[in-house]
Amino acid sequence: MQAPIEYYLVLSAVLFAIGVAGVVIRRDVIVILMSIELMLNAVNLTFIAFSRFMGSVEGQVIVFFVMTVAAAEAVVGLAIVISVFRFRQTLDPRDMQLLKW
Amino acid sequence: MTTNLLRWIPLLPLAAAVLNVFFGGRWGKRFAGILASAAVFGSFLIALRVFMLLSPDAVLRDTLYTWIESEPFKAQVSFQADALTAVMLLVITGIGFLIHLYSTGYMAHDEGEARFFAYLNLFVFFMSVLVLADNLLLFFVGWEGVGLCSFLLIGFWYEDPANTTAGNKAFIVNRIGDFAFLLGMLLLFWEMNRLGVPSLDFAALKDAAARIAPDTAVLITLLFFIGATGKSAQIPLYVWLPDAMAGPTPVSALIHAATMVTAGVYLTARLNFLFVLAPYTLSLIAIIGAATALFAGTIAVAQNDIKRVLAYSTVSQLGYMFLAAGVGAFSAAVFHLFTHAFFKACLFLGAGSVIHAMGGEQDMRKMGGLRRRLPATYWTYLIAGLALAGIPPTAGFFSKDRILLEAYASPHGSLALWLVGWITAGLTAFYMFRQLFLVFHGTSRAPESVQAHVHESPAAMTIPLIVLALGSIAAGWLALPSRDVWDPWLQAVLGRSNPAEHGEAVNETLLVALTVGIALVGIAAAYFLYGRERRVREDGPLWGTLAQKYYIDELYDFLFVRPFTAAANWLARAFDPGIIDGAVNGVAGLVRGISASGRRLQSGNVQHYLFAFLIGTILIFVYWLRR
Amino acid sequence: MIVDLAIVAVKAFLVLFMVLNLAGILGWVERKGSALIQDRIGANRASIFGFAGMGLVNTLIADPIKMLTKEDFIPAHGDRLMHTLAPCLALFPALVTFAVIPFGDVLVVGGREINLQVANLNIGILYIFAMASLSVYGIVIGAWASNNKFSLLGGVRGAAQMVSYEIAMGLSVIGIVIVYGTLEPQAMVRAQGELFWGWLPAWGVVRQPLAFLLFFTAAVAETKRLPFDAPEGESEIVAGYHVEYSGGKFLMFFAGEFAEVVTAAGLVTTLFFGGWQVPYLLRDGFYFPWGSVVSLAPLTVTILQVAAFTVKVLFFCWLQIILRWTLPRFRYDQIMRLGWKMLLPAALVNLFLTAAWIVVRRPV
Amino acid sequence: MPGLSLLVFLPAVGAAALLLIPRGAMRALFSLAFGFSLAVFLVSLWIFARFDPNAAGMQAVERAAWIPAYGIEYIVGVDGLSLFLVLLTALIVPIAILASWTVHDKVKEYLFFMLVLETGMLGTLVALDLFLFYVFWEVMLVPMYFLIGVWGGQRRLYAAVKFVVYTMTGSLLMLVAIIFLATRNYQVTQTLTFGFQQLANLRLPFHEQMWLFLAFALSFAIKVPLFPLHTWLPDAHVEAPTAGSVILAAILLKMGTYGFIRFAIPLFPEAALAAAPYVTALAVVGIVYGAMVAMMQDDIKKLVAYSSVSHLGFVMLGLFAFNLQGAQGAVYQMLNHGLSTGALFLIVGMIYDRRHTRMIADFGGLWKQVPLLSAVFLIVTFSSIGLPGLNGFVGEFLILLGAFQAHPGWTVLATSGVVLGAIYMLWMFRRVVYGPLVRPENRLMADLSPREIAMLAPLVALIVFMGVYPRPFLSRIQGSARVALERVEAQSMAAPLVRVESAGERTDRGR
Amino acid sequence: MIVFFILAFLTLLFSLLVVTQRNVVHSAMALAATLFVMAVLFLTLDAPMLGVLQILVYAGAIMILILFVIMLLNPLSIEARPAAWWMLGSLGAAALCLQLAALVHRPAVSAEAAVPASFGGPESIAQSLFTDFALPFGLASVLLLVAIIGAVALAQRQR
């Protein structure tokens, strides 16, 4: 009684949308990083759903790589956040616009 | 027949001028004067030689080289001399030489002497080129050249801004006349080109004249006449001549009495075959001539500057010449030109010696009683005055009388014209003798310091005076009614126009009597008013307007100069920088504005960019799904 | 279908019950043991009708009752929800890990073979590590939620220590995994049934002695027991991350800790000491190397296996407790240095050697 | 190395040689630069000597493949139209170098740009390949920008940028037009070439021709400058150093008119014919407008700049009369304007070097203090007014003669320019030279030094000679002018503007 | 099927909490919970290995790191919620979600493929990982190395 794939895809779509909303809306860099993790998980879910329904294990291997990349991204992201916080005492992305024109 | 004699008449003064310019100052005080006079005398001798060679219908030609050649147009630097040219040459070089002689004395103590003689020689060169030219273009070169020299000579004493302003005014007014002349020439050429004879040579013009379309002929002659008014100071464009008195007196004598101003008359004479084709223009010329004569005469009456009186009298006499031309009596016009050159030059030189004696004083109200102190000047002045007034034995009588006769009797003439001419004759006599009495008779009104050193002019100045005085008497006898030498001489060039055949012979003596009468009345009135001691008070509205020259200068200034400068000012200050530059800079500003608004998009906030991504992906999806 | 579920439920309940009780008893053992070691009497005051039971009543009945009835205090400005959640997060992974550990071979009941292991996952070992990593949450959240500097410090120390020792433990276990070629604990235990040279039982410790040492040290560090007691370091930061905890929540933390001790012991026995394997005992009886065979009934074999397993687990629990009262506390930097600079390289070397050995022995 | 290429690239070699000399050696720098420019002048004289007066087509043509892939060749040649402009350039540049003797800072770069500018100008005049023409056209722009931008007056940067942007916008459009023309030619004749001769006999439909003509016309009109596009000129002149403004006035302005007669009119006859009335109108407005604005300037250089607008209005009038007199007059007037305005700027430069001011109000009574300078000033002023006997009149008369036949109405208005010219020039002359010597500073002015005489003498001599005996010039221009107008006149025959009937036929002449 | 709905509901609930929670720690914990539930979801999709990895890598390591950083920085900024901006963001997200959902109805997968028992297990993953994806595996390890060094360099306190 495996749920049909569409359900999984819709779920991951909603998850992804929520992640995007989080990234765009929240005023806190750490929450943004977390929303990105959420988006990545939504993608993983899609991959696994397809690999399950297409019968090829490659989907899962790709998820494996997505995880490594996500880990690397989180690590470096947090390092940046720490250094910015140490310098500016703020986590609000609006204050981090040094690269303005 | 061709000769290479003619070219030397202009070249001699040119050579002298060039030498004076470069070496005049260095080779001693007197050198410049002597060199200049000698050159002009040389030209005079050649002119005499030419006069001898010429028979009434012969034409001497001397071609140097092709000046401008642009197929089909071809202009050559070539000279011709026929009867008319010979007469003019004699006037230019003869009187020119006398005036040069006079100037050596007059300008003796002026430090710019070399420059003065260089300009004077240059003037003689251009005037002779004008007269000798065999085509209209070369004529125009001479025409503008004399304009240049008058500008240089009027503004000779450049220290005083008034002189240079007068010089500028003279040149610009002349230039306006030349503007019309140039248009006339262009129209004439293309008309000739249309007739298949693309040339401006007088000979060619004479042959093709008959075939020119009538209305074009009128337009051409009208334009030429406007050019003539500019040069010969007729009604609309005469304003520069009175101011031209700012120049040294010999200049006034030579340029503004004898030669340059007569160029206009010479032009009408030279192109008589054209003017004849346009009766409308002729009548216009006559009217303007008469009007100018009367108008200038009235102003001359109220002038106090000795030279201004003579200037207005010249304008008036020129009016007479154009009146003669207007009625078709070209030979009479030229004859009056011939005689007028003598006595007007003599008057000017006389005035010059008076000014010289009075130490530069020109206001007649500060003169008087010079009869005994300057005897030579007085007597020559008297003779010339009589000639100007038109008293019988003098040349003036014969030439002016001839004109008045023609004005009345000629087919184009009319009683009204004669009447105006007749009144002006009276006025002329009146203001002439008013001047005579003010300057020479009565008691001296000059301050003691001036009276102390009043002395007769040196020989170099009095000799030309005497010669000119004699000339102003003898010149008239060329056209005695009994044996008329003048008309047959110019007949070939100016065509038959003897009124005798078709006028009523009987009243000729009546007209002569009337003119002499009005002259005597003028002299009596002058004697009565200014003879012994001044009785009339020179004031009142009429006198004021006359003294102020009918406020013509102010009128011109108000009508033309002021609005023109205002428009130019608006253009230069408001239009050019404002509108045009504004548009250019405006575009630059616009671009900067657009780019500035573009820049605001890069807010630097990461979330804005992410939001942009979002919008982008949505749009792509929308497109992709709909496809 | 329902029967299977029931069997699993029973197994799960049985394991859970056994672990919790064992935790409680260990509490007493520790109290009495430490007293014995430090030559003092230990807790014996609480008694029911005069029967003190050598302190049993005190630790098993008096203490729990006292803790459960204490006021459930949440520090000011502390995060109410997180404060209550933390102990559960600490306890949950400890219990759950035992699900994978097999405590017996096979029990044949009514024609059905029951695998004496709660959940037979073919990724058992990974599951164990996953649960181990979850336990860090309890500490971190607990430390942060109690809004107390000491607890925060304790939390940071604890988290850092657990994360770093997790790596060491993981690498050492990989050595074993390579040797046995499977991630499934039951298969590993069965593999330990073989005999080296006919007489020596092929237990993990025999194949991977170094791996055992590393694993045991890392396991003790994971449980944050004495030698690696920095997170709780009474002398420096009072009670470390659970300084603000009292009553039921502290009991859960306390029970959690002992559950981890039991789990660690279980893991060690399963991986290195043949789990339920009794030397020379096969499904139907003993087969001694010197030829004699003693046949036994399957039930007795199973009982023997479970008993063996229990004995081994108890032994290691006892060992850990003894360890606590003998070794002094490491300084925090010593812990870190030990974790990163000694265990990790050693584990890598061991891994490398085992891998090399396998490649050499088994032609690819 | 054949004549023309030597002529064009000799200054560039000179510029390179300049770089080798240390900055300090002022005298060496000047003498080298002057030597090279003199050498160029000699080469130009040699080319003039070898020029066959009555051959109308291109002479001394050199052809070499440059970018064969696109059919771009290095074709240079000279004919009646460009011969005298080349001579004028070769004459003016040495004089300009002499004039820049008073420049003291960064002399090396100054002279370098001067020589590069000369290469640009000569190249533009002799180039017969449209692409080559465009390259030299742009090469001209760069040094001029630096000359104005670095050595200019106060607002030099504004002026330099405005000058470049103005010219650049025009020339870019021209480039597009050139490329379009080449492609159309390729489509028709299957041979990709930018050669002027080949492109000339390409028959284009009217509307295409119109667009191309407009593109070329815009670029040249900006350079001329034609009336509405002239605002860069006064700024460029006022801010440019003496030598810069002499070259700008004497030669750069002529590039526009030369472009018209060489490229725009022969390449697009129908369009030129259609555009003639409008261009004539603009030219005449330019004449009157230039004169009126000049009258109100208080800065001599600006006055002369606006007078250039007026004079070049005359040249454009002559060009677009499409008859021999107009074209000949226009080319001749280009030379005259080059000489007279060049001399005027030299004189203004000399006055500026002495008094460091260009305001008319600061002068007065110069004749007394510096008679020789004032005398030359007099001659040059009358030449620029167009006094008969000097060079200005010949050109002006021919233009008016030609224009009268083509557009009588406009010509009457244009002739008023003769009067206006006299008004503002004499007004300026009187204020600067005549009048009492009041200001003490004016008393310190020294008269012309031998160097300055050496600069002005050739110009004055040419002004008088070209006024008295213009025949050698006119005869050489005549042939090429007729060739240039061949196609346009053929068109005008088809649509008669003013027909010349035979002698017998006497009809009333319609306009 | 019910299991899926429960898990789906939990996932959405927790992810919404992640985004909407004002307190950062709460949203962190919500994310941990989401990851945990996702792991279970993976299990339902026959991907046990990934499920455990999910817990081990994501829940176990990354979340700890995030929590660690939160504890270290201890940010107190309880930010105000700009309503306009929120509405805009959520609108955008909703639009995106609709688009993706619409995509789903495209016939992506025809039939459900039969899947061998040890489908998601370590053996099959390891099999394809070290054969087909050997290069990406190497690159991933280099990436991790770089990330580690980078993080240390960045976060190091400049002495």
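Just so it is clear, A, B, C, D and E label the chains in written order, and each chain counts residues from 1 on its own.
Assume contacts are C-beta pairs under 8 Å (C-beta built on N, C-alpha and C of every residue); 3 or more make two chains touch, one makes a residue touch a chain.
Keep in mind that this is a model prediction, so the values were computed, not measured.
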> Smallest number of touch links from chain A to reach chain C?
Replying inline: 2
> What shortest step count links chain B and chain C in the network of chain contacts?
Replying inline: 2
> Central chain, going by Cα centroids?
Replying inline: D
> Across the interfaces C-E and B-E, which one involves more C-beta pairs in contact?
Replying inline: C-E
> What's the chain with its C-alpha centre farthest out from chain C?
Replying inline: B
> With chain centres defined as C-alpha means, what is the inter-centre distance between chain C and chain D in Å?
Replying inline: 101
> Whole-Å distance, chain A centre to chain D centre, using C-alpha means?
Replying inline: 70
> Taking each chain's centre as the mean of its CA atoms, how far is chain A from chain E in angstrom?
Replying inline: 6
> Do you know which chain A residues sit against two or more other chains?
Replying inline: 20, 24
> Multi-chain contacts in chain D: which residues touch at least two other chains?
Replying inline: none
>> For chain B, give me the residues that contact two or more of the other chains.
In response: 611, 614
> Of all possible chain pairs, which ones touch?
Replying inline: A-B, A-E, B-D, B-E, C-E
>> So in the complex, the part of chain B that touches chain A is made up of which residues?
In response: 599, 602-607, 610-611, 614
> What residues on chain B touch chain E, complex-wise?
Replying inline: 611, 614-615, 617-618, 621-622, 625
>> Show me the residue ranges of chain A that touch chain B in the complex, using the header's touch definition.
In response: 20, 23-24, 93-94, 96-101
>> Using the touch definition from the top, list the residues of chain A that touch chain E in their complex.
In response: 1-11, 13-22, 24-28, 30-31, 33-35, 37-38, 41, 44-45, 48-55, 57-58, 60-61, 63-65, 67-76, 78-83, 85-86, 90-92
>> Under the stated contact criterion, what part of chain E meets chain C in this complex?
In response: 23, 25-26, 29, 32, 48-49, 52-53, 55-56, 59-61, 63-64, 67-68, 70-72, 118, 121-122
